[in-house]
């Protein structure tokens, strides 16, 4: 086989997610009264980027064959914190941003420590830490409020050169600064290796614990970037339990749509980003089709069901039934 | 192209009552109808919201309203605030004339409010209103509601005593305001109160469990107040054979059924709130603003209050309707009065 | 040993797992420039010893000296850095990563702190070439490679680490003769380059060809060390199993007459590009072998019979009647009565954490239960029979089957199918990694089953087995039956030449990679 | 990862203790400890009324967690619990609107609706091989959509029938709430299925290694499908009981049961990866979670503190007994 074919095979999940997203977004913008305009794209981008950050966070953990059910809560907690800290002079704002990111990193690190060194199953461990993070968020913001440096917020949720949504630029920057180095580092490879086969990785002398720990910690960081962005987008902090849970569950859906295997070792954050954008577009489709309002949730559910079933078509090509079982 | 700030009174002063003495009045540039109006709802999966959406559709379909509307579109975006913000942005970009919103978060809509103002779109918030002076709020006096319940207990539990307070969803302003209202009145009454607070999340099941636990460990109580899930609270009292005591609560049909049935045994109720029909007031306000009429920036909704011994079947509650049905759907001053059948039967006729 | 200072020396190493003594004061010395073979039956402690050397397992006591200095390894990485590289019995490749990623996994080349993919690829190509496996593409994912190729990758990975001491724990168990001979060349070259090699294998002929020095382990101790070639095979085996040993293979009975009705028959069976017009018959009482290089469609053929493959063309007949077998559950049904001893007992044959009892009765649950409820007395009775029949050595029926030694695990897999009294038994390389003593029992069992009327189709990568056990052998090449050998025709020479398709036109090199 | 069997000390204990999972024993010890701690706050935590009341409330979670456990044993998960619960409750009440026949069939109909959701999950997981975490998320969304349409559409009836109320709150045996009896019956059936039947063995087998189970001639897909259907049915039955308890159905009924049911199963020592766990553990987990929630509620801890303590206690308990064995 030629090299590019291997590349293609490796990126298949990501490309499929990209394809789904493009098709959905094309349908959406073609039917939007305002068409494919800068405003429409900006609106979609701002909303999509939030989930994209959380989905990226989820991806890191899922790659290690774990799962982080606290990402939504870290997202909320950092949102609440940012609504206190990211204000004032540029200097104060900068310090605030750093503080928020550090807290996110810390939350991720706590998850990592509990899962790796405490040897707990990630699902329950993160359900529990998620409750703790939510509780702290609620302490910070017993009811919605707070404020944010609005100049910064407007700049980051606005447009660059009047066309490109700034949020997409930030997303790209985060991919380049966090994801790319991680995925190409020894630790990143260790995370993949641990997710694919922990025993084999251990026997091969791979630093699995450090790799997994880094993945959990960076997941916290990415969720915090999402939390910051939520603050920029809404100008406030709010500890809304249901919304935190929703983001956690959406992030899992996005990750799967993005071709990341929940069994670990496979997939990329880029795929998850497109998965997130595609997932968000499902909601947007409601605008362009005239549905009875009470049928909308059903419509969304069915689209989600269809989207997640798409991958099953590959199954009909499987000719050796043992391949069903991985 | 924002509204002009003018002097009151409003066009229909009885319906569009200003929130306070210093409330501003808006006069938007008159637009020619028919209008395109959108309802940006958030969460959808509970009876209140479903009933609200039904009412909105029923109202928009009423002949005199329908003729003013070119399009009435409803979108529910779920619990996620950014999705709702984006929905409003999309409505603005799509050229809607007015947007009615039940905000998931009162403080989060600053940037959208700015955009709506620039685009000359009328933004009307109701139920969960917006923290702003730049959009129209159709307000329920949440704190006043709490105070009302507080007063009910003060007057019906003459010597003070043990009170169970079942709260709503933590972290929301509605919960905090109602709580504050209750306590302000209790504390100011000069009587001695021992309040047990539990969280019922405005949900019958949760409230019922929390009440049962509270009764088993801290009971019995001399009075109860609940922000929601009140049917469940009464149910828990009955299951625990707790004596019936005065109760200040919301407007669920089931709760009022109990109040009516057990008033003689001591379940003396004050049932007050604002039903989902307030969405009709919000739409009415939006249309009035688009027509260039003067409206207050903050509209004060009357509370639908029914207190013991005035519970009348078929009017204040509906024995053969769902327990989850919210009563209190009439705002006579606005000419808005829906029967239960009108709301719940809406979709069926449309099919 | 020619008096040189040993490169690595371990002394008095002990290791216990709960109540099990895996190693009991074991000693071993390895010198540079030599190949040291370790022999011993299943569970003798060989793997545990090398895991200690490689830093995978922490010993309870004992010490290790490298170049005469005492060392301890906190992790496999630490051992690697000291120059000790190990190819483990359970392959340690990461399935979702590429071959190149795997080869450099422990110490990838870096640029600006990130992994340098170009350099990594160069290293990988180089290592693959040195291992004689240049046909493997460095970008292929390991999970897409067949077992034999994976083992070659594992060897390349070890070579890329520039070891001073290279340990191979049954590294050739899944390889075929062609690959093995390529590996041997590599190993001999490494020896001449001054490396110390430790070689563990259950294949006596490999050890005879390769080793300079041999050490025999039994019950966690080294019981004898001798210069290669100074003892006869029989002596060695007796050292290993601690008792006398004779006649590996049971005698073959007279051939089943060709006129007898076939129990299992295939007509023009084709599947994807892996099976090509295969026709064959197996009669009751016969042991029919499948030969050929690894990966020529033998596994697929067995899976095809067992109802695992979809889109099969051609016909399968049982007792002369065409049948459509759509799943293993249909295959094991009474009308057909088929059993498959799968390739990999750990992932396909057993549920390792479940008890011996649960594993044994798993395939026969439908027979042992009435109305869905398990008849525990009947279950116990049948299990007792099987444990007796196969002489399964276990500390009890309620311990996890994963705690049994490899050979006994394999017996459990076979026993679980015998509980159904199958009429057709398909065996997929059942003796891989099993010690001679146990192998011998299996051969005898196979013959006993055939004698009592079963039809047996037996795939093996070991030519000696095919020669010793089978009444007929079908040699597969590129998915087609290349040649059928009957009775006395089954010789090593005939097997090899037809496996390599030597009388044909194509060259065999790299065929194993055709997956 | 390999597991180490318990040697040494465990070998010398009486048989029934030796056979019990140490995780289960510790979980029960934690329950006792929680009660003692609670009694420091108020004596009534040890009163029989309070304990029975807790058992009654726990039985709703218990029924739901039973289904969740079955699915978890397969190495899968069921995230459609919230709306399976709601659908079961709402549909049972809905059936009651159709005359005496409807009232009689209300409970089976509610359960059937849950089974249907479960069957869709099962088809997705077993036949389409979609990861359960995602397909159940999707069916949950679809079920929610259906219930919203239903509520808005057909002037819904949502009062519980007498039978539902009796099952949830009545007393067939004095002082023992019926809900507890029902949970005990379902639990006993589950224990029997898991330990004595071919189906139960197969569930564990699939949870450990589906490939090996398949090659042993088991129709693994059917088993997975049945397990999801049972899980859906039990969730719906939990919903029916809840509706009986609250004497009505509501949309959000199930929201509070998803995470606790997972947590209860895992706190009870069942491996989330499947193949290992005992029902007794799940019982312990359910009681633990219910008690913890109740005690925090009664102590009038503000919501924030409650969440924090809840999370910390779960982590602490798991660290105490729920750790995976060390690898080296």
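Order of writing sets the labels: A, B, C and D. Residues in every chain begin at 1.
Please note the rule applied: a residue touches a chain if its C-beta (ideal position, glycine included) is under 8 Å from a C-beta of that chain, and two chains touch if they have at least 3 such contacts.
Chain labels with UniProt names: A, D = ABC transporter permease; C = Sugar ABC transporter ATP-binding protein.
It should be emphasised that the depicted structure is a prediction, and the values quoted were computed from it without experimental measurement.
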- Note on the structure: Counting contacting C-beta pairs, the top-scoring chain pair is A-D
- When centres are defined as mean Cα positions, the distance from chain B to chain C in whole Å is 72
- Query: So what's the Cα centroid distance for chain A and chain C, whole Å?
  - Reply: 43
- Message: I'd like to verify one number: the distance from the centre of chain A to the centre of chain B, where each centre is the average of its C-alpha atoms, in whole angstrom.
- Response: 35
- Note on the structure: Within chain A, the set of residues that touch 2 or more other chains is 138, 142, 199, 202, 294, 296-297, 321-322
- Residues in chain B with touches to at least two other chains are numbered 44-45, 50, 53-54, 170-171, 347
- Residues in chain C with touches to at least two other chains are numbered 56, 308, 327, 348
- Listing every touching pair of chains gives A-B, A-C, A-D, B-D, C-D
- Which positions of chain C touch chain A when the two form their complex? 54, 56, 75-80, 86, 88, 90-98, 101-102, 105-106, 108, 110, 113-115, 117, 137, 139-141, 157, 271-272, 300, 303, 308-311, 327, 348
- Message: List the residues on chain D that touch chain B in their complex, please.
- Response: 42, 44-45, 47, 49-50, 53, 57, 144, 147-148, 151-159, 169, 242, 245-248, 250-253, 255-256, 294, 297-298, 300, 302-304, 306
- Touching residues (chain side chain A, partner chain C) in the complex: 1, 3, 6-7, 9-10, 181, 184-186, 189, 192-193, 195-197, 199-207, 261, 264-266, 318-322
- Item | Residue ranges of chain A touching chain D (in the complex, touch as defined) | 67, 69, 114, 118-121, 123-125, 127-136, 138-139, 142, 198-199, 202, 249, 252-253, 256, 262-263, 294-302, 304-305, 308-309, 311-312, 315, 321-322, 324-326
- Message: Show me the residue ranges of chain B that touch chain D in the complex, using the header's touch definition.
- Response: 44-47, 50, 53-54, 170-171, 196-199, 203-206, 208-210, 212-214, 216-218, 231-232, 235, 239-240, 254, 321-324, 341, 344-348
